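Next come two complexes, and both contain subunit A; in the first it sits with subunit B, in the second with subunit C.
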Partner chain A sequence: MTTPDSEAPDNFGEQFLDDYFAECDEHIAAVRRHLLALDQQVGEGRIDSALLDELFRSFHTIKGISGMVGFREEEQLAHRIEDTLRAVRQGDVSLNVDRIDGLIESVALLDRRLAARRSTAPLPVLPDEDAAAIQPPDAAAGTAGSGPLLTFSIEFTPTPALAERGININSLRARMQEIGEILKSTPTVKGQGEISFQFQVRTHVDLMARPEWNSEGVQTKAEAHVPDIHRPAPKVASSNVVRVDLVRLDELIRIVGEMVTSRARMEDQVKQARKNLPSPEWRAMFESAQTMARQLRDLRDGVMRVRMVQIGEIFDRMQFVVRDMARESGKRVIVNVIGQETEIDKFLIERLMDPLLHLVRNAVSHGLERPDERRSAGKPPEGRLTLRATTIGEKVSIEIADDGRGIDVERVAERARATGLLAPGVPLDDARLLELICYPGFSTRVEADRESGRGVGMDVVKSTVEALTGTLSFSTQTDQGSRFCIEVPLTLAMADALIVTVCGQTYAVPQLTVREVFEVEPSAVRALERNEMIAHRGSALPLFRLSEFFKLTEPHHSRDRRFHVFVTGTGNNALGIAVDRIVGHQEIVVRTIGDSLVQVPGIAGATDLGDEKVVLILDVPALRRSALQERMMRTGN
Partner chain B sequence: MPQATGTESFILFEIAGTTYAVRSSVVQQVQMIEHVTPVPNAIPVVEGVVHARGRVIPALNLRVRFGFPKVPFDLRSRLVVINSGGRLVGLVVDTAREFVFIPDTSIEVPPDGLSKLSGKYLDGIATIKERLILILNIEQVIDVSGLEDMAAELPS
Partner chain C sequence: MLRPLAKTAHVLVVDDSPTMRRMIVTALRGLGSVKFSEAGSGLEALELMTLTPIDLMILDLNMPEMHGIEVLQFVRAHRTYSRLPVVVLTTRGDETSRSEAAASGATDYMTKPFQARELFELVRNLLPPSKES
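== the complex of A and B ==
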């Protein structure tokens, strides 16, 4: 968090850059959408010129703002794309699949460069300017030099002496036309009848480096940015959008969260006041408190909504990936998008980006078959990929489904048995299958292919989703396809939590990770080798004592007392986590723990319950992983 | 006291009877210690976490850091919140109450014989009115990366 005084002029540039990146993001998102639409139209042979205009506008803006922040290469790249689009708009060239590909590649490059700029990673190299796809057809002709396209203003004042040496307005004009394009020429009459000419020239030749362009009678100046004079500069639609730093929003959410906790306290106090107040007075107070509770809920929802973004933008990005992959692999894919208006927390969606892309890549490269394969299997040649988002209560579900060949269950089983991950004779249901394919390093494909073998693996997909207190589920059917479903809370900033105590310490447990809670009689605990188990719902539930994992000791802690257990995970994955007591249930504001000194296994963050004391939030998926590791070590596995 | 050139302001605090000083420019605030939440399996020098300026920050026990036995908190115990390049770290000290100006000329290089004591996290020694003050290099004090080994009893 920055304090107001640290936002002094020092990091003004930084703030400015943030705005720049945000604006570029918006434009690139729009560009993606428009290019996808255009791509489809090219296939159908009709082109909507409004789309071209929109694209042109976006690149024009990116060019302008890149110039303003001094990112010359980005400016140049946007400029070149703009030139191509201009040629298309003027009908000089036609838009075909190759040109669209070129545009898409350029956008991807621009996007990568911007990402690198943002993270100060090494910048991807710009291609040579003669990369055909983004080369405007007219720019190559008659230009010398290969530098960036620059604009100069040249002032020429003819004199008789110059004329004698053959330097006159016509010779100068010819020289300018040799090296570039004259955008504008204006004669000016000066004081004593003296006349001078102002030219604007666009050229690849850096005139500032050529002495002859700055000699007697000729004055040349570089111009940073010249609006397109062939067509009036497109007007940028004024917008009612305000950009807000997520940090500031977090601060607001924190305050609202504190109000939520204060209100909970007030509610208790109002209840207690009942016995001391006359009924009408108490009722009035009670009703005011109720009204405030409702208003506070509205306020909270309102602030939360500001953090929400539509998932459509992410879906657009995926369609790009699919399109690229389909082209490279010769597959045909129809992407079905459902629920792109579904809103999800900005923080969450950014973290889900890589896992979602991985699932999409997997679906296209492994799931969907080639057209000929599909035909012989009696399917339409086009594979179908469905991206669906829906809101269910306080959760968002994102589904990625294909109608491809499905996962080769037998092959997975074979490999799992060979590596000892699956006991012989154990059947393989969808849940177990998911567990296996998410096992670190487990993949049925030995060769890491380009599309799906890079970046994250299924294990990372699963752990990322779980770290966001979400769940990953999966189903597959031979020749029918596979379906992955990610469910995450709408927002991470607030959560419903169980409040538990262990050895005098208080912890919060995100409720989404808890399946059920119950009380246990100490005598019900059975020791199986060195593991503790309890019989629960007809099966043995492994017990994980938080006090042991956290090495907590306290005089009051007695092993003879009844204790509470909360269950996390399902089926074979279920684990009972033992605490002393579950003391309550509360809505909490989740704060991250930023300092690595206090980032420890099993703790996901911190909150407070209204008394300023820090209460740690348990990282239930991490606890489950630790329990599993412990069990494996105990059994010498 | 007017601030002349070659004079810096310091916050003084005490640990086990020794007076230490940190530059006041790095001190965000000094607060009473009400409640420190222990962090399970953190390294011993970490007392726990506290709220400071809307953030959850680590609190280091300087007694543990300097090799003294821990004592229970009392009314004199203080948390000195250090801002080191944006990172906030709280230091648990026996007491802290003074704000002083120390002229450069009063600060000496620590003698070699002292290096066994607070060793490399000393910036110098000052003598004010017969009182010896150890001036801390706060970066070294809060850099406990070398102490990670002490957390060897991590869950197996």
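== the complex of A and C ==
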């Protein structure tokens, strides 16, 4: 036998920091969810002891693993929280709003400490895939049918043969959780030293009618109705969830992307081979290529799905912030959450975190009124904040709406006219209003208050969303409230793109940023105050020449040729970007250019189109900004 | 009836924290020809040991669904495993469970945070001697 590695005992834990932080994240996310539920239960005067157990166990685990990695303060903190919870569990102290506030504060402190630890940790700061978010937080509710709730007892006897076929405790439990709720699970030792497991499951599905629930090793019986109890909170992490480092996943996506481009190349070659091959042979080859294309699409979708996390955890975090702010400001807020199960790329949701929190803080501190104000306005004293996520095709929409006082349009207009941002007599519609409040430094507040002054401003919200090739929209109504809506693509790792050429250079344009494309006669271009415009759909569309922006020249480049324009933005924000030709449409794998030395304004990343030549991806939002600035400078002269 | 000694010892690590399981397995990596299995819950552990014979169990106490003491009681009630070495490994502050663990038949007891070296020594002494050594 060999001796163990000769690590000094005190730094043994250091090699597990990545796992440690990931697991703490999972527990803190679950703790937030449970504390919010507990907070509500205290209000309703009933406390679910299972919830307390879950909380207790989370802190117990955090304490245990903190001790192992040598974080004594975190261990202590978790230990103190654990003590409080133990006292509550044993009935020594009662749980009230203040105590929950105290718990929430301790959790926030723990969270901040961990964040600080992580930022100075010598290991790379790459949070692992969040197991808690992958699991449906409310599987039972998700499949809740309309039928009556039935209770079944299920007995399972594991055997090696069943295990080989993947039928084991974990797979069975997952199946039960899919259709309903597990009320009880107990093992029993049988005569021959064999262990079997009894489960009690409550579900809307009639298991007696499903043969798979009465098959080898699994025996199901119907039971009399069991009185309703609170559904236990979802488990933090089950052992059949695999954590994947985003870096590894990106590598996989890169490979899939390369396959996508190779396949595009192969498709061309197959098409060209048609004239040299006898028809039946060519047909067979063509069909194989088609099949492979389909399989590749499935593979790509499968890989992309792994990156997806549910938005629910972010919504929980927001509810936490709202609760804190409401308590400090004496406001009353009811949060409606819709679409927690909506999935979004983990990378995207991390970038959107601060903007979303900013919008929520704004809504509570500026949008929603105090209870007395609301009463005198004829509204219920509790303000309503709606967080809604939905998937629309290839996009996710996240909406934050309040039923507060709405934005004081007159005041914004006054200020905008005073600072010259709004011409006199120009009406202020929602789109212009949004532009103004997102203008750097523009705020109707003389001084930013604590809530909304933290971290980012509206300008950062807008630029972050646009950098993710998303859109921000807005509407407001006096005394009815305001509504912000962020739309972003499901993922940034792959995109559909238009392939365009300018002066012999090829660029890719993310298709989500393009509203329409058309061809223009050079004679249709009009100059207006040194800006070029074209008439389009009954209004003047400003023209932005990519060749000028990138200072491209080509001997044969002539202004007398017809050219293509793609339109980005809507209404007053529409901009026509002029290129030589739009040569096609292709699925691309987006690679961001990380090195700031090679970052070029107007370029978002790079891709290749299957011919192994690198093609740059246009940063359309940045181009729009630069066009706007140029326009303002020229008209200002 | 005596179970024939397995050529490769099989150690089952039962803990609901995946990080803790990794730490335990890492601490014991130098044990030679030992196969490790991990279980994230008591039920999973009981299932695993009915399917494959194990030679030693490292058991956490505070776990969801089924407490470690219950797991231990089932292990002791099981014909094949009544004499299985079980090391109870539990978090500091749970010292009251020590007597309970001993009463339920724990072979040994260690507190987390543990020293990798100490756990290693403890487990090495409890494992049946491997045929190769």
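Going forward, the second predicted complex is superposed on the first by the 499 of 637 C-alpha atoms of A that agree within 3 Å, B and C clash if a C-alpha of one lies under 4 Å from a C-alpha of the other, contacts with A are read in each partner's own complex, and residues count from 1 in each chain.
Assume a contact is a pair of C-beta atoms (placed from the backbone, for glycine too) under 8 Å apart; a residue touches a chain by one contact, two chains touch by 3 or more.
Small disclaimer: the values here were computed from a predicted structure and weren't measured.
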Larger contact residue set on subunit A - subunit B or subunit C: C
Which of subunit B and subunit C A:34 touches, first, second, both or neither: neither
Which superposed partner A:608 touches (first subunit B, second subunit C, both, neither): first
Partner chain(s) touched by A:170 [first = subunit B, second = subunit C, both, neither]: second
Subunit B versus subunit C as contact partner of A:68, first or second or both or neither: second
First (subunit B), second (subunit C), both or neither touched by A:505: first
Footprint overlap on subunit A, where subunit B in one structure and subunit C in the other make contact: 1, 3
Complex contacts: residues of subunit C adjacent to subunit A: 16-20, 22-23, 26-32, 38-44, 46-47, 50-52, 62-66, 74, 77-80, 91-93, 112-117, 120, 124, 130, 133
Residues of subunit A that touch subunit C when the two form their complex: 1-5, 7, 9, 12-13, 15-16, 19-20, 22-23, 53-54, 57, 60-61, 63-65, 67-68, 70, 75, 79, 82, 158-160, 163, 168-170, 173, 185-187, 189, 192-195, 197, 235, 237-239, 243
Partner subunit B, residues of subunit A touching it in the complex: 1, 3, 251, 254, 505, 549-552, 591-595, 597-598, 600-603, 606, 608, 612-616, 626, 630, 633
Complex contacts: residues of subunit B adjacent to subunit A: 34-35, 37-43, 46, 48-51, 53-58, 60, 87-89, 144, 153-156
